[in-house]
């Protein structure tokens, strides 16, 4: 447990020293929101229709940037391999990096949501509880996949391209269900619908998180 | 420090190990055994398989054939069996450029579950004269300094087996002398050292035993003083056995 | 698989089977009422879809077997099924629009089967790209196995989720759903066609595995020469 924490803190510290990834993630997310906002004049009803999809697209691409960075820092001096010199469970590396990825992506998501509420004159506050829950659950599944696929892609020749190729077909449904549930939440569809939506996202994210957790040690071995 | 009796039973052994990378055969049925107190020079031309052998012994690479054993237990069954007792140095430094030397060491110490971490970190840093430069980001350090930091990292958990792949790379004269002294001292303390270096003369001044590798195979494994250097194709600089310690 | 069953014979059987299937498709099966002759492509389309799905499942099995036993044969099998399955999957995506356009006037729709097949196609591509681009030859098999296992979980999720999604967002279904009021002769035709495609699948996988084994032998010889 303290090992997971050590890895998590290490990732935070490394990122804090140059803050490249978080900055680029936020900027990218903002760009996506900005482009959509600028390109499509929207009244409230259209906003409600577009916003969930738009937000998750921004999250998805920001996430890809973050996952790539997460393993780029490890690749420089074969640090990922260096960690395996210690008698630790490889899954600990997975959890530690997953938590770090969650934190960074979460931070970028907050920035994106803030900008979206500004530019679309849309208040997330009425639905905040459900909205936050669904974003958290969906991001968990997405980041779990991003963590393992990031590690896989780090072993390839075209790694920046390889990660999205691996990630999107698999994360597709996590994103779709999250968008769906987000849409319900923002429309204020009521407790029953929201619970069902959140449960679906939770179930799917959990499946992928567990599978990624179990398979991670194979990705590290040589 | 464990009782000598227990530690004497700890051996690190490669048994009939072969390792391929696609077309390339890096190791061909190599057997080698390291016991505490050994001082081994691993010598051979480039591409002989020295790096692969060291990595396999360090449990970083999995053999395609054969097995690696630690204290009689196969690493195939328990990969972590040996890790707490092995220190490994390689071309890659395993250091996070953004973190300082101290932070890097502290991180590794935590991974190894070390108690008294600050004290041990200080000791490792002192061993390689790093006290003054330990609070700068590693990426700002010269190659030689980074090499010293990675050496400190390998020594941090006071391993019984030190596997060092060309550890002298990038070191200046005083650091080189320092490392040579350290390597000479370790077997006397009951630890095992296996290292490779480009200079046979340098290695012969430190080690007692020679393992000569060529084309992934062991050509010689025995006391340095008895090694048939000519037939092994080794051209010791002075050409005389008098360089080799008795 | 029976090593004893010679490849040439297998190929001959496959060709014969195809001839039978073609006969059935064009001459035996009745002409569909509303769609006309174009409908006959449905037999290839659906059989290919089933085979593509089966193919990925086999990749999954091979990968699990590889991680468990580290058997090279298992890995060869997985890779071969991926390559052949990918072709079948592409076939589905090609025959779909060819069928849809004349009949319904649209090239594509995100109906259940097409969407699932498209995701499957992407999963195949991911696997094949990964195998091509891994830098360390020692790692390829394990990484590919991991990817295909996650992909298989995703394929299962996908096939279930798309059905749920379509109950929420109904859309035109190509083919009016599988087996909706099919003439028994159509059923026979589709089974025979699927059989032919499976026979071809197995043949191609065997050829592909043979190729992998030859390559490995060549490597072994090269190694020994170098020694």
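By written order: A, B and C. Residues from 1 in each chain.
We take it that contacts are C-beta pairs under 8 Å (C-beta built on N, C-alpha and C of every residue); 3 or more make two chains touch, one makes a residue touch a chain.
Predicted, not measured: the structure shown is a model, and the values here were computed from it.
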* Report the chain closest to the protein's overall CA mean, measuring from each chain's own CA mean. => A
* Asked: Looking at A-C and B-C, which pair shares more C-beta contacts?
  -> A-C
* Asked: Centre-to-centre on C-alpha atoms, which chain is most distant from chain B?
  -> C
* Whole-Å separation of chain centres (CA-atom averages), chain A against chain B -> 40
* Where the CA atoms of chain A average out and where those of chain C average out, how many Å apart are those spots? -> 32
* Asked: What whole-number Å value describes the gap between the mean CA coordinates of chain B and chain C?
  -> 50
* Asked: Considering chain C alone, which of its residues make contact with at least two other chains?
  -> 136, 138
* Asked: What parts of chain A, by residue number, touch at least two of the other chains?
  -> 221-222
* Structure fact -> Note: chain B residues in touch with at least two other chains are 61
* Give every residue of chain B touching chain A within the complex, in rising order. => 58, 60-62, 80, 83-84, 86, 88, 90, 92-99, 103, 107-108, 110-113, 137
* For the chain C and chain A complex, residues of the former touching the latter -> 67, 119, 122-123, 125-126, 129-130, 133-136, 138-139, 142-143, 145-147, 149-151, 153-154, 157-158, 161, 165, 168
* Asked: In their complex, what parts of chain A are in touch with chain B?
  -> 2-3, 6-7, 10, 13-14, 17-18, 73, 76-79, 81-88, 221-222
* Asked: For chain A, which residues count as touching chain C in their complex?
  -> 145, 148-149, 152, 155-158, 162, 165-166, 168-170, 172-173, 176-177, 180, 204, 207-208, 211-212, 215, 218-219, 221-222
* Structure fact -> The residues of chain B that touch chain C in their complex are 19-23, 25, 28, 61, 215
